[in-house]
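Sending over a structure as structure tokens; questions will come in a sec.
To keep things simple, chains are lettered A, B, C and D as they appear, and every chain counts its residues starting from 1.
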Amino acid sequence: MRIAVQSAAFDAGAELNAFSEGHSDVGAVVSFSGLVRADGGLSRLEIEHYPGMTERAITKIAEEAQGRWSLGDVLVIHRHGPLEPGEAIMMVATAAPHRKDAFEAAEFLMDYLKSRAPFWKKELGPDGSDWVAAKDEDEAALTRW
Amino acid sequence: MRIAVQSAAFDAGAELNAFSEGHSDVGAVVSFSGLVRADGGLSRLEIEHYPGMTERAITKIAEEAQGRWSLGDVLVIHRHGPLEPGEAIMMVATAAPHRKDAFEAAEFLMDYLKSRAPFWKKELGPDGSDWVAAKDEDEAALTRW
Amino acid sequence: MDVLYFAWVRERIGQPRDVVETQAATVAELVEELKAREERYEAAFADLSALRVALDQELADFDAPLAGVREVAFFPPMTGG
Amino acid sequence: MDVLYFAWVRERIGQPRDVVETQAATVAELVEELKAREERYEAAFADLSALRVALDQELADFDAPLAGVREVAFFPPMTGG
């Protein structure tokens, strides 16, 4: 399990390859990357987080996923600080013997990271800046698990 | 939409990056890679396919996914011929404004590629070679969609 | 009409294709004609539930009509992905 | 006790943390004490349904007891991922 909370940019493809190469006993690798959208005149995204609690919350979520599904490994990378359009905000990857486990665990990780890991997004655009509001559908997504 | 059926190895990470960079208007990218497992003494995998029908079947499946979900793009790469343990057999990637669409479409693509695209796997191990049998659960997975 | 075989169907029959002249109206009738040819065909087509068929590169059923079809392919259930 | 603020809670209060001496038994009682301090605190805590709280870096409810807690954090619903 690798969990990284960092301000530095990361190379999602290189991370995916490193993650896959380390687990040749599994058959299925699923990755999710969240990107800063370049539409709507957004000029920058700023992500605030709660140092200390962030790593703790993500670790708890990742351990929960490992308990629920048969997984070879879990990767979570999440950035904070300023991000430019097109950049990757975060990624998760799961490795498993079976694709269903890899898919479900990745979706679970995303649903929980969205609403239970202490990150807050602020969008900076032509009309100033504003905090991104939490979506009801993100909270509702948790009821699936 | 890019569909590649090829004997050559491919770099899943580089493919993921190229796919993501081309779609900065979407926020969510999901990838699945299927790897040749290195366990069980498997020394090689050989994949036979049905040239002509393969591309046609994958295109149809990808177009079906684009009709069902709101997707920015779809990528499918599937190899044929001999493969070594640890190598990537195939990958799919989906880009979408919303993560749920990207996840569901990727799972749909995988479920259909497994059972509806004309590929057949043969495993070569210490006890000789044998065709991989289709799994009931793979056929059953299609009923979800 | 081109008849193609893949995976263990190809191996059992011992060749990847036949060119067939047939009056068979359906896939099932064509299968009966092929089985009558030689023992290796009979072995390959012994259990139709273990086989799939494509007509002109589209999956089809064994009772599908052959009228106008140029390419028939027989193979086991797919195992890609 | 350290009291931390994040995102727009931090912005409304105008600072990222307070060090508080309190006899409050629950989070809700602490919130009442903070609201009584100044208008900017009252503005930040006006709608508790729009806030979340963590006690020693674990999510908690507003009726949770504060006994033994060293760090309380207030923030809006998370929007990571």
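Basically, a residue touches a chain if its C-beta (ideal position, glycine included) is under 8 Å from a C-beta of that chain, and two chains touch if they have at least 3 such contacts.
The chain list, named the UniProt way, goes like this: A, B = Molybdopterin synthase catalytic subunit; C, D = Molybdopterin synthase subunit MoaD.
None of the values given here were measured: they were computed from a predicted structure.
**Student:** Counting only C-alpha atoms to place each centre, which chain is farthest from chain B?
**Tutor:** Greatest centre separation from chain B goes to chain D.
**Student:** Distance between chain B and chain C based on Cα centroids, please, to the nearest Å.
**Tutor:** About 26 Å, centre to centre.
**Student:** Using CA atom averages as chain centres, what separation in Å is found between chain B and chain D?
**Tutor:** 48
**Student:** Among the residues of chain B, which are close enough to touch at least two other chains?
**Tutor:** As it turns out, chain B has residues touching two or more other chains at 34, 99, 110.
**Student:** Could you pull out the residues of chain C that touch at least 2 other chains?
**Tutor:** 81
**Student:** On the basis of the stated criterion, which chains touch which? Give every pair.
**Tutor:** According to the stated criterion, the contacting chain pairs are A-B, A-D, B-C.
**Student:** For a test of understanding, state which residues of chain B touch chain C in their complex under the given definition.
**Tutor:** Chain B reaches chain C through residues 34, 47-50, 52-53, 56-57, 78, 89-90, 110, 113-122, 131-134, 139.
**Student:** Across the complex, what residues on chain C touch chain B?
**Tutor:** Residues 4, 6-8, 10, 54, 57-59, 73, 75-81.
**Student:** Give the list of chain B residues in touch with chain A in this complex.
**Tutor:** Touch residues, chain B against chain A: 11-17, 20-21, 23-39, 85-86, 88, 97, 99-100, 102-103, 106-107, 110, 141.
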